[in-house]
Amino acid sequence: MPAWMEKSDLPGGWITAEYALLPRSTTTRVRRETQGLSGRTQEIKRLIGRSLRAGFNLGLLGNRTFIVDCDVLQADGGTRTASVTGGYAALCLALKDLVEGGSISSEVFLSPVAAISVGILSGTPVLDLNYAEDSQAEADLNVVMNQAGEFIEIQGTGEGSTFSREVLDTMLEYAESGIQQLISKHISDIS
Amino acid sequence: MPAWMEKSDLPGGWITAEYALLPRSTTTRVRRETQGLSGRTQEIKRLIGRSLRAGFNLGLLGNRTFIVDCDVLQADGGTRTASVTGGYAALCLALKDLVEGGSISSEVFLSPVAAISVGILSGTPVLDLNYAEDSQAEADLNVVMNQAGEFIEIQGTGEGSTFSREVLDTMLEYAESGIQQLISKHISDIS
Amino acid sequence: MPAWMEKSDLPGGWITAEYALLPRSTTTRVRRETQGLSGRTQEIKRLIGRSLRAGFNLGLLGNRTFIVDCDVLQADGGTRTASVTGGYAALCLALKDLVEGGSISSEVFLSPVAAISVGILSGTPVLDLNYAEDSQAEADLNVVMNQAGEFIEIQGTGEGSTFSREVLDTMLEYAESGIQQLISKHISDIS
Amino acid sequence: MPAWMEKSDLPGGWITAEYALLPRSTTTRVRRETQGLSGRTQEIKRLIGRSLRAGFNLGLLGNRTFIVDCDVLQADGGTRTASVTGGYAALCLALKDLVEGGSISSEVFLSPVAAISVGILSGTPVLDLNYAEDSQAEADLNVVMNQAGEFIEIQGTGEGSTFSREVLDTMLEYAESGIQQLISKHISDIS
Amino acid sequence: MPAWMEKSDLPGGWITAEYALLPRSTTTRVRRETQGLSGRTQEIKRLIGRSLRAGFNLGLLGNRTFIVDCDVLQADGGTRTASVTGGYAALCLALKDLVEGGSISSEVFLSPVAAISVGILSGTPVLDLNYAEDSQAEADLNVVMNQAGEFIEIQGTGEGSTFSREVLDTMLEYAESGIQQLISKHISDIS
Amino acid sequence: MPAWMEKSDLPGGWITAEYALLPRSTTTRVRRETQGLSGRTQEIKRLIGRSLRAGFNLGLLGNRTFIVDCDVLQADGGTRTASVTGGYAALCLALKDLVEGGSISSEVFLSPVAAISVGILSGTPVLDLNYAEDSQAEADLNVVMNQAGEFIEIQGTGEGSTFSREVLDTMLEYAESGIQQLISKHISDIS
């Protein structure tokens, strides 16, 4: 998940993301989106972009645009949350070079960001569902949080099902716990 | 917000939605989307479709597809949640005719559905934000629920801001209260 | 039918129009034109634009472009001629503000413009055909004129039929009479 | 201007036309329309198609679709009216073979069709304007008629100008005279 | 095959080509490419452009872009090689005027360029195959060369067949001989 | 480079290929082709498809279509020839399963296929050029051959340069030698 930087003529910085499934990243081959992006892809790339922008002080980026390319080689489970977590890590690595080189202030880093999916499977909450679990879950929630415990995005989409407030609360707790683990194990040492 | 019905050759029914802003529905004219739908429009029409499908037993619709056209004449505040609430009412009216005519079972109606937006403005929760409030809110949540108090969709998107679990809980309570009012005042008598 | 104004860098002004049928403006739902405009829509928007430009001294508009949005909520009869007449009225209202505010000369108004359709139904000329009449007419003519009695556009399109010079003359007389009535009753007091 | 025939599964026949300017058919090179047809091209191809269909009894064509390709090699003057006249001739030649071969009834031919443009130049009516005349004309009318003297299409488009009823009558007379000459000299012997 | 010149703001010149089959240039009508160019068309226009650029010193063209339009009126045989040869001649004629007028140095002309196709038919090499020969050839080679005997492009595409080194050598010899004939007979007197 | 199989209703089989550069496969990020494929991409995918089809007896594939996805993760040198060689290997692996399972005859395999690029760098022939070499080569040739020593495709494209027959002969010898090495080392044991 590489991060690419471009100079622009506008003041202030920007972070954006692109997302694609390789045709054989899935069990059944998916078509390339060569004639316009699908609604699903646009929804996901916008979610990733908003989530990544919440992790950095855009005003300190200078007139630089960062593009994070999330190309999924193997799609098993929550590709949009994995894209947020991996994309945040890629941006940290790219920005650390610029911070160490003195071209960007170290205050560009806000509280570290990660994301995870959580579902209810036969009444049991399950974190980071794989493809088989995801297709049988009774409820499904994507959560983006930072290390400070603040929410950046929550998306609970219940196509064909509904969920109670109690289930929502359980899922939020699982998600928070999972995200803090992701950050402490994989993110905090590079951010 | 009219509902249109088409026969298909497939067994089972389907509900879908389309969404568009009229060019002068907004303070500053928006361009028509005549060369492909924007990411925002696709995101919204998918949300409306999923929400409406949760209000009906699709298996009882027969091989009928219902298209709900959400064309916004004046955009002041949460047009996506207004589209869900209004679209649900339009579908109820259309289906009541079919139920009364005997071509669809009255069990097609599940628990009535409505949606609302809620935000935090200078620390105070505000329901159903208008345009001016929406552009200054510190946090923003769209909620779709049914009369049974079950969640269908929640989308909290915090571009440029974050929100705590406590604020999320407050917003969820306001949303639930607002949705139940919408249903009891406007929806329950037609569904 | 709102008129929207934009500043441009070019000297001289311009007036243009857009046209769309809302999906349920018609008896049978029409598809949205989200992948390019149809030939019919392009033909109509060009006719409206040419007709509206004939009503004003473009050289006095300054470097302003006016866009008239003709979104048809209910399509019963001649929507293209109704768009010309209504669009002209909308432009007059918009320009009166600018003239009264002193930013545009009052000489921008040329002779007032209106449009009407006329057909032959079972041998009888009929003005301003509705949908049922239009689909049975033997001949069909759209006319755009100004109050001075000069023609701006005439379009007689006889798909599947032909019409004699005598019938054309009768239709032109009916159209002229109808247009002068439209202008004197609805247009002349606002232009 | 070749006519191409395709078999279809539908009962009854159809005639359609396509129109394009070769890039160097004009004094200043025009771009190819490879990303969707312009409004002008769509308007013209629809006019040609309607005009050609008025010259034949479509019910006698069998389930055949005829496509007339109007590719303009040199554009000097009224290319849309030349396309109607030439396209009618091409269709006659194609249909005569089918009539002589016995697969289509000779009653497929209705009254022969031709088209011409007429304008007013410094107060004088001018038939079949060339490019230089067309760009200076005060009024401009395209007329499609048959040998029986019936009108099929009239299009008077006065971008930037208007014309009186008297001028219209003069232009109609010139057009009728020109069309009857075209038919008697070039069309009647092949139809 | 006309050559069109445009001024650009960039230093140095450029030569590019466009290619299209008229719908009835072929035995069976081909569709117009109005919704994006096919792979075949793009492949051919790129080949023509590269070949033509090899015939001129681009640095001496000044900031001019030349567009060569290759519209095929009748497609019998190697239309891509005919487009190279004809396009080179068109460019020579256009550039001679500019050289004679003193705006471009006469050193802009490099060694003259032409192209030809060659195939193997029942074991016999055949130069400049026509449509009937081309569809039965066992091997097929397109060659672009200059008068100095240097290769500019060779494309041997053997869909459904293969060819030995010996056959390749024979085809190359025939191609060279044919190209030198084309240049000496048709090209050398205008370049 | 995975191979994907689809059943079709047509008799006989087919092999096709798709090709894309991941945005960061290159030193400078390339844009995704989401609004139609570029000419370069179409040219390459057609070359790969033709080359792969030459390696198999399509008539023995049954009504199956194989799609080979060539997504370049790191682009250093001849990606089109690497796609042919790798795509051939992927197809062999896929077909061996079908042959061993008895659904396809083992005679589906024709002579094994591979491809390589060769160039001239400061007068010295270089096989399988990397990016740095490729951008400085004086001549460049892509060759597709089979183990029997027959040519399937040769493409010598000399944008900005030309090459003599002697240089072409040298490059062909190097290419043949390289391809036979590729086949004997990497391909022959899996085909």
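Per-chain numbering from 1; labels A, B, C, D, E and F assigned in written order.
Quick note on the criterion: a contact is a pair of C-beta atoms (placed from the backbone, for glycine too) under 8 Å apart; a residue touches a chain by one contact, two chains touch by 3 or more.
Please read all numbers here as calculations on a predicted model, not as lab measurements.
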By that same contact rule, can you tell me which chains touch chain A and chain E alike?
F
Need the CA-centroid distance for the pair chain C / chain D, whole Å please.
25
Separation of the C-alpha centres, chain B versus chain F, in whole Å, is 51
So what's the Cα centroid distance for chain D and chain E, whole Å?
36
Shared interface positions of chain D, touching two or more other chains
36-37
Specify the contact topology among the chains shown, as one of line, ring, star, complete or other.
ring
Complex contact set, residues of chain A against chain F
2, 4, 18, 20, 22-24, 29, 32-37, 67, 69, 71
Mind pulling up the chain B residues that touch chain A in the complex?
36-40, 42-43, 45-47, 50, 53-54, 146, 148-165, 168, 172, 176
